[in-house]
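Shared between the two complexes below is subunit A, which has subunit B as its partner in the first and subunit C in the second.
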Partner chain A sequence: MLEVLVDPFAEFGFMRRALVGCIAVSVGATPVGVFLMLRRMSLTGDAMAHAILPGAAVGFLVSGLSLGAMTIGGLIAGMAVALLAGFVTRATALREDASLAAFYLISLALGVLIVSTRGSNVDLMHVLFGTVLALDDNALILLCTIASVSLLTLAVFFRPLVLECADPQFLRSISGLSAITHFVFLTLVVLNLVAGFHALGTLMAVGIMILPAAAARFWTTGIGGLLIAAALIAVISSVAGLLLSYYFSLPSGPAIILVAGVFYTLSLLLGPVGSLAASSRRGPSLQT
Partner chain B sequence: MIIRRTLLASISALAAIGLTCGMATAADDKKLAVVATFSILGDMVGSIGGDHIKLTTLVGPNGDAHVYQPVPADARAVSEADLLVVNGLAFEGWLDRLVDASGFSGMRLVATDGIEPLPFEEEGDHDDEKHGDDHADHKDDDHAGHKDDDHAEHKDDDHGHKDDDHAEHKDDDHAGHKDDDHHGHDHGAFDPHAWQSIEAAMVYIDNITAALSKADPAHASSYYQNRAAYVAELTALETELRTMFDALPEDARTVVTPHDAFGYFADAYGLKFLAPQGISTESEASAADVAKLIRQIRAEGIKGVFVENVADSRLLEQIANETGAVIGGSLYSDALSESDGPASTYLDMMRHNARTLAQALSS
Partner chain C sequence: MTTSLSFHDLTLAYDRQPAVLGLKASVEEGSLTAIVGPNGAGKSTLLKGVTGTLAPQAGRVHFGTNTREDIAYLPQQTDIDRAFPLSVTDLVAMGLWREVGAFGGIRSKHRSRIGDAIAAVGLTGFESRAIGSLSGGQLQRALFARLMLQDAPLVLLDEPFTAIDARTMADLIEIVRFWHGEGRTVMAVLHDLDAVRAHFPETLLLARELVAHGPTREVLTAENQLRARQMCEACASTPHVCGRDIA
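Take a look at the complex of A and B:
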């Protein structure tokens, strides 16, 4: 049994690299996902992923398959959308969801336009659906750096972030940190999506960010528990997804996200906190 | 009311513009308008048609015709075309929708008509040199003569030779394939990359010449002249490639490429190509595919790992890293290079690929 789990990683360097990359993304992105969920911004992650895609595409068109150019392009596009949306929200009557949607759609359309006018070289969707099996040294260093920076920043901003989740009005009334916290947090979202995009592709990167967080919600209520449970679920999903891809010839990225999806579904049905099972246990007592 | 009037006016203005545009292009050139789907076909059509045709190529140099997204300009080119040259064998999956949408009413030529298509194969293990010698016989009389008789001859003997081993393939290999094969999902039953064999390219050329002559009989003699010159070049290239690959030792004939584009090349010159990505660039490699490939590279001591101009090379670089194999260079599989590149014509492409392969394999 143990051999089944260990052998692929022992025999093949590319499996070890994929594992390291996935763990880095899991550890870095899931805490961000937990805060996104707690702040009811889960779909913001999705919007930001779309906003990154054109930036990375432009980076690719300018200097080919370069890790640096695609990372910087993605960061610039993502940050521009996040900052503009944040600014519009704070300065005008438009709510955050609407302004974010507006800016990411503009960014997406701009990216598609640029790509089309430059003609189709190596099909861009292939490049943008990063493959976790082809992580080179530079990509791994980038993923681990982003995960470390993300964790350290979260540690520094942990209190204001939790406060902002629980009672944003209160935080705004006692401290000027509210706006800074918000922008730092959005930066982390963009950073982690860019990291995830190198390993899993832009769309799958949102999956590893949000699904474990949503699954963890059915197991515990404390913020510490949520963070640990989510990271754990993400890491287990990564390992299981890679092994499934290895033994059953499945594409790796979708396999990983689908395992996370299975975790979510099981948690939704059976988890001890607020799941279907939990509410049906409570159900009869409410009726009487 | 005013709005409605403006609308009506602008619509009729648009219609008028459309009409004049249509008339202008019709009057502009009396040349035969030919559309080829991708750069390699375009080069062949251009070589035969010369100055007598107005050629449009839809998927340009370095473009991947497996997953191309047509733009409105393509639909316009197709709608105005007298002759549309496609590869066939389900290579251009996006083409039918484009043709339907454009209202194309001209002649459609499938360039692979009359070749013996290879069925899909995972390994591409054609063990033999089977038509090495019969091909040599053919060259002398075959391609020098005129089209009518030698085309028939071509089909009978040249390809007849392959018939038995193909029948075999179809029975077991091919049938077994459909079930477990996750590659090439929306492609037909055959490998479409037929231009990778010069023998098949002769058929392409014959088909193109015949279609051009039929669509534009006035210049038929010129087309046949161009064909004769082109076939002479193909024949010379074939001899060159054959000498090159016959010299290779038996145990150094396996190479790795990103996607399975070289089935016909392998078949013609007794090489073996392995690929993590399968027959179309659309499919995504799984960990199992990559692991299998790495085991095979290690076990057989494969030296030649190559990247392609239309496929993502990152995975191959990782595989080369892990096995100690060296990236032997870049091959042009489904598209030509830009005009200043090493493979700007079909002939240059075949020569470049062959030299790159032979050099890496013989070192």
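Take a look at the complex of A and C:
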């Protein structure tokens, strides 16, 4: 049994690289995903993941499948859409969800158009679904750097971030950090989506961020436990997804996200906190 | 008497629609003032203007002997995300922000003060409970414990006694009176006029504009209350009357 789990990683360098890359993305992105979920911004994360595409596509147009160019392009596009959506919400009658949806649909269409103009279907699939089994040294360094920066920044901004989520009026009354915290958080979201984009593609990147966070919500009530549980679920999903992909010749990105989806479904059904099982144990609601 | 806070032609607005218009008033240091008025009168907005959450559209808030750093602010319970996984201890500990800052650690002396504040509001035994599992009254007690840790000379309370039981209200009023006795300036947005008459010597009656300000008995007259209601209704039906859509 142990060989089944270990052999693919022991034998093949590309599997080891994929494992390291996925663990980096899992550890870096899931805490950000937990805060996205707690701030009721899960769909915002999804929209921003799509928004990265045209920037990465312009990078691709300029330099082909270049790590640096696509990363910088993705970062610029992601931040631009996040800030533009915020501006449209403040300056017009449109709500933030609608403005984000508009921007991400435009971004997605633009990104696919740009890649298709210059590249092949293989390139398009690379951008949309990532290449976790083809991560090179530079890509691994980038993913590990983003994960480290992300964890360190979250540690430094943890207290203002918690207050920004739980009691924003109070934070504004005691500190001028509210706007900075929001901006730092958006930057972390974009950074981690760009990292996830290299491993899992634009369409799947947000999955490793949100699904483990949503699953963890059914297992623990404290913020610390939530962060640890989400990271653990993401790492286990990554390992299991890579193994499934290896043994059954499945695409790796979707396999990882589907395992995280299975975790989510089991947690939703059986978790001890707020799941369907927990609700049925508590008895029928008095509400009519 | 020394002025703790004064409003100079203060106009506060959301999207250029004024919620407080041309307010001129002074609050004495050590006073206990109720802010009352019909719904939409700008009461909570005024507190946001004082805390700096909302920048003035015109005019200014002048702090006498205090600064904006000297404020302890209780937001409305509806502003708090009770689903957030935060324990009572964590929530109360946020009251130490000015002492430990955004990035400082909570040390044993702080833990002891947090425990004392939780005990003072009658929540001993609830320290590790999630805020989402508390009743409205228990959450308000926890928020008062946070105010205690802030130890500020100027205390702003936004609807502190809304949706809580009579026992909790009596306990919290005692705390407010204690703060008043210590010489702190306390301003509270309230709807319960009986509680205002019973416990608040000063009242500021607001209907976007100032209706009256002074001793509660002189402010809460039937005539002033009718005027406040009419002013708010006039704003709702004929926005231009109260300067909506200001430049």
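We adopt the following convention: the second predicted complex is superposed on the first by the 246 of 288 C-alpha atoms of A that agree within 3 Å, B and C clash if a C-alpha of one lies under 4 Å from a C-alpha of the other, contacts with A are read in each partner's own complex, and residues count from 1 in each chain.
One rule holds for everything that comes next: a residue touches a chain if its C-beta (ideal position, glycine included) is under 8 Å from a C-beta of that chain, and two chains touch if they have at least 3 such contacts.
All values derive from a computational prediction rather than experimental measurement.
Touch criterion met: A:L250 reaches subunit B, while subunit C stays clear of it.
Partner contacting the larger number of subunit A residues, of subunit B and subunit C: B.
Across the complex, subunit B is touched by residues 8, 11-15, 17-18, 65, 116, 119-123, 125-127, 129, 131, 133-136, 242, 245-253 of subunit A. Only residues 38, 156-157, 159-160, 162-163, 165-170, 172-175, 177, 220-223, 226 of subunit A touch subunit C when the two sit together in their complex. Listing the residues of subunit C that touch subunit A in their complex gives 48, 51-53, 71, 73, 75-76, 79-81, 83-87, 90-91, 94, 97-98, 102-103, 130-131, 150.
Residues 59-60, 62-64, 66-69, 71, 182, 281, 284-291, 294, 309-315, 317-319, 321-322 of subunit B are the ones touching subunit A in the complex.
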